[in-house]
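Got some structures for you, see below.
Both complexes below contain chain A, partnered by chain B and then by chain C.
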Partner chain A sequence: MVDPVIPLHANLVPGRYGADGDTAVQIGTRRISSLWQIAGWSDFEHAAQPLLVACGLAGPGQYDETQQGPDVTAWRIAPDKILLEGPPDLTDFASDSLVVLDLSHARTVITLNGAEARTLLSQVVSVDVSAATLPVGSFIQTGLHGVGVLLQARSQNGIEIFVPTTWAQTILDILCQNAMPLGYEIMSPQTIHAAT
Partner chain B sequence: MKRLETGGRIDREAPLSVSFDGTALSAFQGDTLSAAMLASGVTVVGRSFKYHRPRGVYAAGVEEPNALVHLRDGARHEPNVRATTTEVFDGLTCTSQNAWPNLRYDIGAVNNLFSRFLSAGFYYKTFIGPFRNSTRFWMMCETFIRKAAGMGRGTYLEDPDSYEKRHVHCDVLVIGGGAAGLTAALAAGRAGARVILVEQDSELGGAILSDPVGSDADNWRISVTKELGGMDNVQILTRTTAVGAYDSDTFVLIERVSDHLKAPENHQPRQRFWQVHAKRAVLASGAIERPLIFGGNDKPGVMLAHAARSYLNRYAVLVGDTIIVATNNDTAYQAAFDLGTAGANVTLLDARQSVDAALLAEAKGAGVTVKTGHGVLAAHGRGRVSAVEIAPIDAGGRATGPISRVPCDTLAISAGWTPSVHLWTQRHGKPGFDDASALFLAAPKETDALQTAGSVNAVETLEEVITQGFAQGAEAAKQAGADGAAGICPAAFAARDWPHDPDVIWGVFTRDGKTKGKAFVDLQHDVKVSDIDQAHQEGYVSVEHLKRYTTTGMATDQGKLSNMNALSRMAEQRGLRVPEVGTTTFRPPFIPTAIGALVGHEHGQHFRPTRLSPMHQWHVEHGAKLTQAGAWMRPWYYPQSGETLTAAYIREAAHAREHVGIIDVSTLGKIAVQGPDAAEFLNRIYVNGWKTLQVGRLRYGVMLREDGFVMDDGATARLGENDYFMTTTTANAAKVLGFAEHLLQTAWKDLRVHVTTVTDQWGTIAVAGPKARTLLSKVSDADLNREAVPNNHFVTATIADSPVRIHRMSYSGELAYEVYIPAGFATRVWERLIDAGTEFDLSPYGTEAMGALRIEKGHVAGPEIEGRTTLKDLGLEGFAASKKPFVGSVLRQRPVLDDPTRPTLVGLEIEGQVGAKAGSLLFPLQGETQGHGDGWVSSTTYSPALGKYIALGLLNNGKQRLGETIRVVNFVGNETLQAKVTSHHFFDPEGERQNG
Partner chain C sequence: MIRIDCPICGLRTETEFTYGADATVTRPAMDETATQPWVDYVFNRDNPRGWHLEYWHHVQGCRQWLVLERNTLTHEVGSCRLAREVDHEAS
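And now, the complex of A and B:
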């Protein structure tokens, strides 16, 4: 099978934009290898356990903490829903107690890196994205420019934004507009690939 | 008025080019515009709102009522800017406003001659009667009145600047950078709290900035500011005003990032809107000096005493040579002393009968003559005050002795101070009244997250200001969870106290209690004492009604200067105490705020988010004209060599019928319905049955609202035992998903079903036309022959190495398929179809042609499913199952919805060569065309298949009127057409083409 097109590639023109001075933020994207949602009902945790074990995860996890397995990253996005990045096809785990859904193409990741990454984020989301509230390894679901997104702190100065694919361009645009006073760089596709 | 050689906080090494009405001003870095005006001898800076009276600089801060100017030119032009808070910059140009032809000779000043006819509420009384048809006359007058109303003039040019929003969360927000705010921030910062300190001035210090440079006060300010500046956990925002306090301890700040510059530099925004969520907040907003009321109290040269001191000590501007200071309290003495020391001849009139001996001795030492028990009855002068009438007065402010005329060029006044409780009242409601100080004060409960400190609490000594600020800061930090030590409070410096006297006068009157000449309680709105009296005489007792009738304290003043004096007058008139009269409500914003700051980046292209198909880039690169469809941008049509919309869509639609066409329908709502009870869920939400649908098949469904009206329609495929793939209309995707979630989480908690949007997961291409099967067979590995994939079946396949699912269904009436592709592969598949389609004469088509095709076929869409139509209205009643309940199944049976005369869906063949306009009303061929008619046109197009204009419409008793000729009336376009009523299935009613 061919590689899917990263939705923002056409409009991510590498270069330095906005205010002069140190580059405060680097904006880019990265490829999602696979993204699955698993969901269940009152017996969800029990039903999900075999799948989670197969993915190398200890359990369903917390609602604000990213779980990291050997090849799989997981976010518990609701009491009865977990989003998993990186697993193989999960169809075989589906049962009357657990449903699985391939969302690999439904999200686009926008990456923010740099000293002012959290400042930029604070301009577009109303939740607290300071390192104290969104520490490394945590995540939060919120609205950004009216679009539901998932934010995860990959590092002190590195944030990933999971955006529904069809909204990705508008989110990128609003981020770039907000980043003008900070000074930002669009990472080249080579850099993006190297990072993935 | 003159600029002093020494002193002040200005940089004499940095002169700036500044002009007012074309005249150059003496200005230095560090000046405000008003300081530069005063330093340059500008006495008249504007004309008043109603009477166009000449006005001069009155204050030195946000409370300024007079010095409002037009600032900057061109697209950055801004009206009603306060000169007192405008920092000068090189190249600043400003002009006067509300004056024509110029400030000196203003024709509008004629209003002053007719002032007795322009008193409070004159417009309520004037613009009625007395003649027949008077309304028309007054409506004509309105044109001129509107032109005369208001102050400055805005610009219609697009704002070239950007505005930014920022959301921050902190432990402690300190509002106000004066002594109390500084110590509050210091204590909270030392305790380890995340602190934001907000100060609207360009520097921290508050009132201390009006003390001489190098004074003990100034040294104290520098010391505390330095310590704060070294704290990483304290964020200091200067040039930032807290304009609003809201529920959930949310505050709005406006930071003037670039207003002190000629234009924003280095991509910076002009202003920044901060939304602050604070665990705790300390309001240290200080107090505003209150005017004293007397005749002619608006003359240029009359100003607040503390303002005169600010101009002297901060900007090195001595506002006059011969100065009368009129007061009723101790605080104005310091202004008198400083002005006297600077070289002015100062006489102080104290309304009080007796004054502390030590204060009098100090005055004598400063060369200030003090007359106790005296007040200013009236100010005189043309263009600037030149003399005042003074008289001995009693404890009520009435003259008791001979009136004498005293020459002067400046009158500095102080009737005490009004605490700035605005933000507290925005958050918590009306303030309480403190009898000891006779002031309205905030009344926070101990548990409130917003506490107050310093002069806003009307504390009497500086030591109290400082210790209270420090204590509130420490407590706020503790309550917010910071457990560090606040340390020792900085010692206070020497400053003049503010001893309270609840019996001070607010105005000076003649023996019979009247003012001598016009005496204004609200300078910004030209509201006189006599207006308050008139309102009382006319029966106004509510202070809120008084405010609206007279306009006192309205708009940007929000009671800063006018409130207490107006309330005092009303209380006197009613024979009540001030607290019994009450106070008005202060509303946000605290200062005038640019709309741009409220909007931020969310305008123009970003007014709302935009949604793009995964194939969007291809459409753009291939010249598609785009149209908005909700949040989506969709290909409208693909013009060839300058084609118009009409020519293009007719060509595209005809081409699809004749050959094959493809259209991007990724915008369709797509919802994964999963779980063991998915079929039951579909059975309940759709009107038709789902339990028999087999894997590999799909079915058209219609859903109703609970009130029985049609909500949406679409096809749902069964992908697996527990997996269904629902599609909705583009417009209703979010509504249907929300409705389904709502039902599953409330009424249908018994169902083990999850619904998830997968609109973003799948790109979708509709392939329609006689050659659709041939084309898809060529590019895919699927067997698509009629027997293998009949209508309403789907298969999985591969196109261009991409996995796809091909649904056999038709929206156009042609042999058609919908190809569902994982979004990342969608463009690849689209391009493969385009390439392979060359031999089949493939052409892409846009939404306009899609509309034409579906109207020809008689399919309903958004214009028909618009919330007022039933299954029966749309001819869909046959889909409704009779043996199962579903959403809307009960209420759809209401007699009113079963009325056979209701408008029902019909086709309309338009006579002539002009199409009908959607929304046109339908009338019988004969009779009057009045009222709502017999129905309306919902969708309209030119039909290339039929070679005529056609339309869909809802017509009363429509099914019984087939063959009738009716009129189609477009009242907006003043156009009447005739149309023949037909079946809405214009094209291939038997479905031979789509089933082929």
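And now, the complex of A and C:
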């Protein structure tokens, strides 16, 4: 399979932008190793169980809690739908009761890090993204500029935004514009690679 | 701003949702041969004042279809349930 591209790399020009002072937010991206969506019907949990066990996951998980397996991260995004990052090819698990779909090329991750990462995010989404309602290890699906996104709290000051790849540039532009009054830094691709 | 308590995602603003349809409409039996019930089903809708059941889609969230109780006069929002569960109860 062709490696997923990171469409934002050409547009992420490393440097320091916006207001002077301490850098409030670092904006970057990271590579998605693989991203699969599994979906089903009323017997979804039963149908998905062998796949989840193979991925080292205890079960389908909660609607707001990121689930971590040995090499797989999972988000239960609907009653009969789960996103999985990191697993190998899952097509062998497809059946009449379980649909597997490779979304590796369909999503891009935008990373926000820094003391004002949540402040920046709160300017562009209508949900509360404070640490009280989006604690580390949790996720939320919402709209950003009318685009459905998944927000994941990786740390107190670290948020990942899973964006449809076709909207990644637009969302990046909006984040950068809103970050100007805060002061932000674009991380170099080398730094990003080293971090992932 | 209308806020809707999605059973999956929790309380969210209306902007995350799109209105779908009148949730009180019932499809005629498939062996119905009279024209009027089908015309009513496809085209004719009441315009109620007060509490009403509506289909809404949480398009920027869990992508689930919901049955929302909404007051068309005051915009108050009542119960919100997964359409799949409501349909199962009805059948």
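Criterion: the second predicted complex is superposed on the first by the 192 of 196 C-alpha atoms of A that agree within 3 Å, B and C clash if a C-alpha of one lies under 4 Å from a C-alpha of the other, contacts with A are read in each partner's own complex, and residues count from 1 in each chain.
Note that a contact is a pair of C-beta atoms (placed from the backbone, for glycine too) under 8 Å apart; a residue touches a chain by one contact, two chains touch by 3 or more.
Note that this is a predicted model, so its numbers are computed, not measured.
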Next on the checklist: With both complexes superposed on chain A, which partner does A:Gln123 reach: first (chain B), second (chain C), both or neither?
Outcome noted: first
Checklist entry - After superposition on the shared chain, which partner residues are touched by A:Gly18: those of chain B (first), chain C (second), both, or neither? => result first
Item to check | Contacts of A:Gln141 with chain B and chain C, given as first, second, both or neither | outcome: second
Next on the checklist: Applying the document's definition of touch, where does A:Pro79 land relative to chain B and chain C: first, second, both, or neither?
Outcome noted: second
Item to check | Comparison of chain B and chain C by chain A residues contacted | outcome: B
Checklist entry - If you stack the two complexes on chain A, which partner ends up touching A:Asp173: first (chain B), second (chain C), both, or neither? => result first
Checklist entry - In the superposed arrangement, which partner chain does A:Leu90 touch: chain B (first), chain C (second), both, or neither? => result neither
Next on the checklist: Which partner chains sit in contact with A:Tyr63 here, chain B, chain C, both or neither? Use first/second/both/neither.
Outcome noted: second
Item to check | On chain A, positions contacted by chain B and by chain C | outcome: 81, 126-127, 146-147
Item to check | Contact set on chain A toward chain C in their complex | outcome: 63-64, 77-79, 81, 126-127, 140-143, 146-149
Checklist entry - What residues of chain A sit close enough to touch chain B in their complex? => result 1-7, 10-11, 18-21, 37, 39, 41, 80-81, 94, 96, 99, 101-107, 119, 122-128, 130, 132-133, 145-147, 164-167, 169-171, 173-174, 177-178, 180-181, 183
Item to check | Touching residues on chain C, where the partner in the complex is chain A | outcome: 8-10, 12-13, 15-16, 59-64, 82, 84
Checklist outcome for this item: Interface with chain A, chain B side, in the complex: residues 162, 164-169, 194, 266-269, 275, 277, 601-602, 605-606, 608-614, 616-617, 632, 666, 672, 674-676, 720, 722-723, 752, 754, 756-762, 800-803, 822-825, 827-828
